[in-house]
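Okay, got some structures for you below.
Look for subunit A in each of the two complexes below; its partner is subunit B in the first and subunit C in the second.
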Partner chain A sequence: MTMIQVSDLSLTYPGTRDPAVDGISFEVGQGEIFGFLGPSGAGKSTTQRVLCKLLQHWSGSATVMDRSLTAWGQDYFAHVGVSFELPNHYLQLTARENLKLFANLYPQDVTRSEDLMAVVDLTADADTRVGQFSKGMMQRLSFVRAFQHEPRLVFLDEPTAGLDPVNARRITDHLQTLRADGCTIFLTTHDMHIADLLCDRVAFMVQGRLALIDTPRNLRLAQGRKQVQVEYRTGEGRRQELFDLDGIGGNERFAELLRSEEIETIHTQEATLEDIFIRTTGEQLL
Partner chain B sequence: MDVQRIWVLTGKEIRLGLTSFMSIYVLVAPVVLSLLVALIFGDLFAQTPRLGIFDAGGNETLVQALADHPSIQTRSYASQAALEAAVARGSVEWGMSLEADFANVLREGGTVARTNTYRWGEAGTRNLMLIETAVARAVVEATGLVFDELPISVEVVQLGEASAATWSQRLLPLLLIMAIVLSGLFIPSSSLVDEKQKGTLVALTTTPASLLDVYLAKTAVGFILSGLMALIILALNNAFAGNPGLLLLVIALGGLMSSILGVILGSWSRDMETFMGIIKVLGLVLYAPGILEIFPQVPQWIGRVFPTYYIMNPLLEISRNAARFADIAADLAILLGFIAVLAFVLAREIQRQQQQLALEG
Partner chain C sequence: MISALVAKDVKLFFRNRFFATVTGLALVLYLAIYFLLPLQTENSVGVAIHLEDPAASPEFRQRLTEDEDFTLFPSKDEMLAALEDTDDYFVGMSVPAAAAQAVARGEATTLQAFYAPDVPAEAKQVFHELLVFIANMVNPDLMARLSPIEETEFVLGHDLLGQPLAVRDRFLPLLLLAMVMTEVLGLGTLIVREIETGTARALLTGPLRLPTFLVAKIVTGLVLAMSQVVIVVLVTGKIVVSPLLLLTTLFLGSLLIVGMAFFIAAISRNNTSVLAWGTLTLILFLIPALSIMLPGLASGWMELVPSHYLADALHRVLNFQAGWADVARDLFLLAAAGPAALVIGGAVLRRRL
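And now, the complex of A and B:
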């Protein structure tokens, strides 16, 4: 089942000449984690804001949950969750009060708040004023807020930014659980490791257009070399050799190395998402 | 628009609003000012009434009785001219020139006892009443006559410029405008600016609550608080009089106008500095009718130029002159006109802000 279907979507901001989003088309299936990647200013946030019904006056068509985006009213957000890159909470309220306030705005019963706080390890701080939270704690609270009403579709912007590895892991593990439960996640990130780890498919945006869209595995294979690099140690120091993967079973030199030398590492040479990002966008990741 | 969500958001506004510095200032300032005005100029702690006496002779007992009276302050003057001068400059509020043997004539059954009295133009009604009562009682004690049968002819001459209103009465309009406008305008606007800066506004609009719901909740809070503040100020100034239903109607309309204006200004302002800049310019316009009331010598029609006049004037007409609906209908119609214009501007502003949030969010 298709959750998001975008066709020829374009948007030009008032007062600018070049479109921020220029005729992009893509689909996102139900239960898919879809990564939206690209450098700053590429049009990722604009696309996400269109799909969050924040921006209007776009052209093309966008269908979400089998209904045209323009036909949805504010009830859209009863089924959709949004987590922003920068945490935005009421600092005078506690974490629990923040969640309760937002929960009360939904027509459905919101019962997942406590479970989700436990998932992101916020239970002990639930009654602490958010003004006393670290950035990471606020980020985790944003995560809970986006999911507490059990949305079918969630837009996440840099969900692990500012998190320590343990909490980042908690979030990514839970996202995989939610995917298994059928939740669709539209993920905007600069973190290629997270994208590679989580996303079923990724799309690279460059200057308002979609440059690439595929599964991370297919992109890695297509953009990489079908070679294996062997690193070994000899009496004269460390050395490395490259072998074609095709016919490697019959490669005598490769077999001899494995038999006679002290092997330190063996790596296939498929591209990483970071390599693909740099190659596609022409920009270095920070 | 969803009433249940507006209710939730209104609760949040009250909870957060009442703990902010701006709210404390806005809610406390008019009350403190009211109490200060009452303390300095008002009736509750008014100065002791001041009586001046010129005795042409033979009235020592009566003068002594007045001098010993605990509720008034009595000063004697050596001549009628000195007494008149003292009243004219306000040293005493009431001057009494006693003819020779005034008390003895009365005590012996004289039929005519004439006394010249002088009233300071700005003397307060309460003080004058206290002096009159004290004098009457002293005369009764000095003559042994019955209070209601004193054969005295009193001729009152007013000295000094007349003023119908006490200072507390003059300041009441300004306090009322402060109460209604400060809480109605400042609380929604400062809350809105804060939400824009902290990003919570865009977070709310990605829930089933619409920007209209958010704005209406803020308007509701301004409306409720301005109404409460107006009632408190009227009560503190003993001005909650006249038709209470009509009074509440005017307070409600005034609160509505102020809170809609507050939400619009908050929506226009990028940050608190911008908002305070707007208020510096707009403040004078809002408070002008109240300031004009302090100076009765300034032509009062000037006040009609300012929108808040149409809140202030009906309130004063009801509480001071027991005005009926027909008496203030024209003012209310103009006030409703302002509200309609502001509501239209607010509707446009919500659309603009929706786009602005998308660009900045």
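And now, the complex of A and C:
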């Protein structure tokens, strides 16, 4: 089942000449984690804002959950969760008060708040004012807020930004669980590791257009070299040699190296998403 | 949904130490000022007179003695001492010995008038005319020729004779307006903070519709503005004066102020600009109420400031027991200006959100 279907979507901000989003088309299936990648200003956030109904005056068509985006009313958000890159909470309220306020806005009973706080390890701080939270804690609270009403589709912007590895792992693990339960996640990120780890498919956006869209594996294979690099140590220092993967089982030099030298690392040479990002967008990741 | 948002806003307002402190202190301060201002009003105009001239008309002497605003002193020194040492007199005059004869002969006569230090120039002018009249009346012939004139009084508006308005009561409309106006800053800041920190966007990417968000802000503004003024009218005992009319007036005025707060929030980038625009509005809107305390300030252009109708209605209801019909024009104009301010302010704010 298709969750999001976007066709020829374009948007130009008032007072600007070039479109921020220029005729993009893509689909996202139910239960898919779809990564939306690209440099700053490429149009990722604009696309997400259109799909979050925060922007008007766009052209093209967008269908979400089998209904035109323009036909959805505010009930859209009963099925959709949104987490922004910068945490936006009421700092004078406690974490629990923040969640309760948002929970009260939904027509359905919201019962997942406490479970989700436990998942992201916020239970002990639930009654602390958010103004005293670290950035990572605020980020985790954003995560809980986006999912507490059990949405079918969630827009996440840099969900692991500012998180330590343990908490980042908690979030990614839970996202995988949610995917297994059929939740669709539209993920905007600069973190290629997270994209590679989580996303079923990724799209690279450059200057308002979609430059690439495929599974991370296909992209890695298509854009990488079918080679293996062996790093070994000799009396003269460290050395590297490259071997073609095709027929490597019968490669005598490779077998000799494994037998006679002190091997330090062996790596296949498929491209990383970061390589593909840089190659596609022409920009270095920070 | 609205009640949850209003409860949140009120909680945020009072958890903000600055606003909580300022609100509490302002309430105490305003009440303290009100109760410290005099309840009684001194409305007599004391004139101290020493008639040195033995030929002064006895009839005139008698008349001066009977009038409580005039006090005859046996000597000039005693008159001057009373003028300087007490607050009972504004002006003093000593009529020299030969004055009556000189006036009778039509000769120029010099009189000395002594004024208390705080008598304004306008009052001196009035006293001057009075003193010239008194000086002429010391002549028995002139006094005898005075034509009996019957005077019929017409008081336009509420007759304050015998019930002068105490300073604290004159001050009350200004106090109430200032309290309501202060909420422009409070509500404006709350809204701007919601925009700045992205919480408004977070709310609007939920089931909350923008009109509901704005209605919740209106209710918050009304709660903040009205709760304090209701406390003041309760503590001052003024609530007993037409409670429904008073509350209606305050409600309509609060709508106007909430509309202004929307407008200010929409054009302000941050809290500092809320403070700047809010203070300008505060000053402009308080001028009509100041003219109630200091009637000399009143000017036609003040009717262009919508708060004039709030201040005027409060003044009439609180101080003159005006009824619905008496303040119908004020209420009508407030009922038009309040929603208009809300619609314009809401429309501008909507663009910002």
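The rule we apply is simple: the second predicted complex is superposed on the first by the 286 of 286 C-alpha atoms of A that agree within 3 Å, B and C clash if a C-alpha of one lies under 4 Å from a C-alpha of the other, contacts with A are read in each partner's own complex, and residues count from 1 in each chain.
Keep this in mind: contacts are C-beta pairs under 8 Å (C-beta built on N, C-alpha and C of every residue); 3 or more make two chains touch, one makes a residue touch a chain.
Being a predicted model, the structure only gives us computed values, none of them experimental.
After superposition onto subunit A, the modelled positions of subunit B and subunit C overlap sterically. Of the two partner chains placed by superposition, subunit B and subunit C are both touched by A:V82. Using the contact criterion defined above for the overlaid structures, shared-chain residue A:Y90 touches subunit B and also reaches subunit C. Once the two complexes are laid over each other on the shared chain, residue contacts for A:C52 go to subunit B and to subunit C alike. Once chain A of one complex is fitted onto chain A of the other, the partner contacts of A:N104 extend to both subunit B and subunit C. Using the contact criterion defined above for the overlaid structures, shared-chain residue A:A118 touches neither subunit B nor subunit C, since it reaches no partner.
Within the superposed three-chain model, A:Y13 lies in touch with subunit B and out of touch with subunit C [touch as defined at top].
Touch criterion not met for A:L258: it reaches neither subunit B nor subunit C. Working note: subunit B versus subunit C after chain A overlay, options 59-67, 149-157 or 293-301, clashing stretch identified as 293-301.
Annotation: subunit A residues 52, 54, 74-75, 77-78, 80, 82, 84, 86, 88-93, 101-102, 104-107, 145 touch subunit B in one complex and subunit C in the other.
Subunit C contributes residues 1, 4-5, 8, 11-12, 15-16, 197-199, 201-209 to its touches with subunit A in the complex. If you check the complex, the residues on subunit A that touch subunit C are 52-54, 74-75, 77-78, 80, 82, 84, 86, 88-93, 97, 101-102, 104-107, 145. Residues 5, 8-9, 12, 15-16, 19, 198-200, 202-210, 354-355, 357-359, 361 of subunit B touch subunit A in their complex. If you check the complex, the residues on subunit A that touch subunit B are 13, 49, 52, 54-56, 74-75, 77-78, 80, 82, 84, 86, 88-93, 101-102, 104-107, 145.
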